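Once you scroll down, you'll see the structures, which are given as structure tokens.
You will see two complexes here that share chain A, one where it goes with chain B and one where it goes with chain C.
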Partner chain A sequence: MSRIPAGMYIPGKSFLHRLDPLAKLIGLIILLAAVIAASSPGGYLLLILFIGVLLALSGLPFKLAIAPLRRTYLFFAVIFLMNALFFADVDPLWTWWIFSLSRTGLIQGANVVLRLAIIIVAGHILISTTSPMEITAAFRRLLKPLQYINIPVDIVALIVSVAIHFIPVLAEEVEMIRKAQTVRGARFDSTRLRDRAASLLPLVIPVFVNAFKRADELALAMEARGYRGEGRRVSGPEIAFQARDFGAVLIMAAICAVQILVL
Partner chain B sequence: MAVRRLTLIAFFTALIAILAQLAVPLPFSPVPVTGQLLGVFLAGTLLGGRDGCLAILAYLLLGAAGAPVFSLGRGGLMMLFGPTGGYLWGFLPGVYLSGRLQEGNQRPGAPGLLTTAGATLFFLGCIYLCGAIQLSLVTGYSASEAILAGVLPFIPLDAAKAFIAAVLGARVKKIMHAGGLLQSCAVNSPEAVRD
Partner chain C sequence: MTIVKRSMITAVCVALTVVLPMAFHAVPNAGSVILPMHIPVLLCGLICGWPFGLACGLIGPLLSNLFTGMPPMAALPAMLVELAVYGLMAGLLMSCVRTRKVYADLYFSLLVAMLAGRIVAGMARALIFAAGSYSMAAWTTSYFVTSLPGIAIQIVLLPSIVFALERARLIPARYPKEIVLDGSPGLDSSE
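So, the complex of A and B:
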């Protein structure tokens, strides 16, 4: 946990980079709906073309944009074969032992692989053109309406930032407690599952007790510095939707509608 | 909300993220056992419905924003919207219902192990339901295929984890009460005032 990867964000000034992160996030969610609705070759063609347009707009090098696909092609191959060979169908094209190649199986396999590939590339484009901070802020704005059903969005945002801060600290503590308990005879590396389960007790309990104590201390420190919990906190410049952001969301919605109604 | 309660929830979020990184490789399966479920089960038992929900919500947001907090150091939006995302979304209704079932009685030693274990199994059911629904939506599997591929193989181990979480939760709660830690966190909280 100490080495948090820098993320796949690639700074730039392309159209997609400048688009409001919230618009990108909403766009991605609508795109997912369109992918789930897709079922015909025409539908997939439309989606793939659209992903191509997104790639062009993002200014990312093509090789980089499809990198996640090259890492996972084996996984795709396995999924495709599993679907193609094990799909029970009335008239298989070819059977041998427990395998039966069928038309429906092939179509099902292609469906699953295409959907996953489109989702993965779309998500990768979002992550490459949007910094983690921007994504967090966009989530916060997206969840803002949840305030009306009594979900305290600002508090959740604060919880996230405190948690980010303390993950490395607590991870170190867990490691320390693990070593201390090993010295006292706990068997973390036993091959018996029962021993493993039993060894959790001396690890998890001190970890939780410590975390509860630290939470207390942190609360005291925050109150001593004047944190009262009410009022508006500001983090970075507020961004507002512009015409191009509305346009982007509308185009996504149109594609989704075409997908559901026409194709 | 009391600042103490807030920091406690934040620490719980961090703990879930850390527990998710503890992986025990299994000799017979490529999927290792991780502590992620243990962490979320304990959130329901120790934080209760509403606060458990906040901890999970923060956890999912952290992961969605790309921090490697999900099991085995994974993270990113695709974990939530991909085929297995439902198992993560399921934490939210699960922790709420399980926490609610275990609230009610705040005396030390309550609720009993049986209530906690039952609520945790209920929690697991919520996760499976959401997981199977999203699996079938994203991959186009039928309901029975989704259950066969995404639920049945995991039931024995997950049920074992639920039981371990119930035992651990009861123990930690007892120690917290003995050390006065839970009480101090409950002071100033709206629940305490209402009671």
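So, the complex of A and C:
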């Protein structure tokens, strides 16, 4: 729990660090579309090469960039095996009891794992090169058009920003409560699902009460300083898109187009 | 409750949609059986109302996917629809249903929201996300049979959390006790 990637912004002066956060956010959304469209080996190769280029431009150490994959390898293995062994196919390569290994299943498993791995690494690069405040500001700018249909963009951006800040805090708190309840006899480390489900009860109620206390204190502090959730907030100078930001978005769009139309 | 407090409660509920499932990731399939991500969304809808429940149901899975890779991208669109409907319906029903009994309001809103979310998510899968390859049997298995422990946990846990929060005075009571203005509350007239 303490090794979560939340808030793992690594300050730097690389090209990706200097890129407009909004360009990075739009780029990530376009990349997600390209990943969903990918289905051929050529398509995956293009995406992996592009992730390699992003990694080089971010200046992040390779080990750090693939850290989320190393933590979730068991999950990837389960996903791959479930697809490979349970995919119904008319011409299986090997069968035993309820298991049926098929070529289609293997391809499907590889597809899911590759897509997931690319998305996780891309998201990790974004979080490592963009501070939470920059992500929030970019999110607010991205949602800005929605204010014309009466969606309170500032409140949504505030919720996202506070939630991002709360993730590591609440993760620590869950860990602390988990330890306290373990001392009292709760079985969180059991591999049996029934024990895990039963252990949820003594964990969740204190977590919610403590989290709501924090929310209450924060709301009181904000109201005491005059914040009412209405009107325009001043949040520093507006950043204008530069040539390099347009270039980055155009490159992402081109990769997505190649993925959909050619590969 | 003020809009600021509702926003802050929604923010912590969004954060909990990321944090709570992490405690169960070590067990394979725990997410689809115990459904830890549903609890904060339903609670947010019940306490803060439908706009905030809807926001929590949309933002929570997106942030969780970005920070932890879960739910996987393939399951994310259907999950977004499901959780958004949970938050929306829980909030709408809590504002419409007033039986003068907190338990009745809570259980009615909760159960109808849980059912509506499952129906809409199933329809979304059948018509959009997995058109042509989604069956009634797959819907029943994934949304009712596999997740039965999660459903039971939500039914037991959510009203308990609401009462714990009311007792701690962190949320206002739904039906505040009436205070008799011409005398001390609870005093018998013969005293």
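The rule is simple: the second predicted complex is superposed on the first by the 179 of 263 C-alpha atoms of A that agree within 3 Å, B and C clash if a C-alpha of one lies under 4 Å from a C-alpha of the other, contacts with A are read in each partner's own complex, and residues count from 1 in each chain.
As a working rule, a residue touches a chain if its C-beta (ideal position, glycine included) is under 8 Å from a C-beta of that chain, and two chains touch if they have at least 3 such contacts.
Everything quoted here is computed from the prediction, not taken from an experiment.
A.B. asks: After the superposition on A, what does A:Phe75 contact: first (chain B), second (chain C), both or neither?
C.D. replies: In the superposed model, A:Phe75 contacts chain C only, not chain B.
A.B. asks: Does chain B (first) or chain C (second) touch A:Gln108, or do both, or does neither?
C.D. replies: Touch status of A:Gln108: first partner only.
A.B. asks: Applying the document's definition of touch, where does A:Gly59 land relative to chain B and chain C: first, second, both, or neither?
C.D. replies: Neither partner.
A.B. asks: Looking at the overlay, what does A:Asp216 touch: chain B (first), chain C (second), both, or neither?
C.D. replies: It touches chain B and chain C both.
A.B. asks: Please indicate which partner A:Gly12 is in contact with in the superposed arrangement: first for chain B, second for chain C, both, or neither.
C.D. replies: neither
A.B. asks: Which chain A residues contact chain B in one complex and chain C in the other?
C.D. replies: 1, 4-5, 32, 36, 112, 115-116, 119-120, 123, 126-127, 155-156, 158-160, 162-164, 166-167, 170-171, 174, 191, 196-197, 200-201, 204-205, 207-209, 211-216, 218-219, 222-223, 227, 229
A.B. asks: Show which residues of chain B lie in contact with chain A when the two form their complex.
C.D. replies: Its residues touching chain A are 1-4, 6-15, 17-19, 21-22, 24, 27, 38, 42, 46, 54-55, 57-59, 61-62, 64-69, 73, 76-78, 81-83, 137-140, 160, 164, 168, 171-172, 175-176, 179, 181-182, 184-185.
A.B. asks: Residue numbers of chain A touching chain C in their complex, please.
C.D. replies: Touching chain C: residues 1, 4-6, 32, 35-36, 68, 72, 74-75, 78-79, 112, 115-116, 119-120, 123, 126-127, 155-156, 158-164, 166-167, 169-171, 174, 178, 188, 191, 193-194, 196-197, 200-201, 203-205, 207-209, 211-216, 218-219, 222-223, 227-230 of chain A.
A.B. asks: What does chain A use to touch chain B in their complex?
C.D. replies: Its residues touching chain B are 1, 4-5, 7-8, 28-29, 32, 36, 39, 108, 111-112, 115-116, 119-120, 123, 126-127, 132, 135-136, 139, 151-152, 155-156, 158-160, 162-164, 166-167, 170-171, 174, 191, 196-197, 200-201, 204-205, 207-209, 211-216, 218-219, 222-223, 227, 229.
A.B. asks: Where on chain C does chain A make contact in their complex?
C.D. replies: Its residues touching chain A are 2-5, 7-16, 18-20, 22-25, 27-30, 33-34, 36, 39-40, 43, 55, 59, 63, 65-69, 72-74, 149-150, 153, 156-157, 160-161, 164-165, 168, 170-171.
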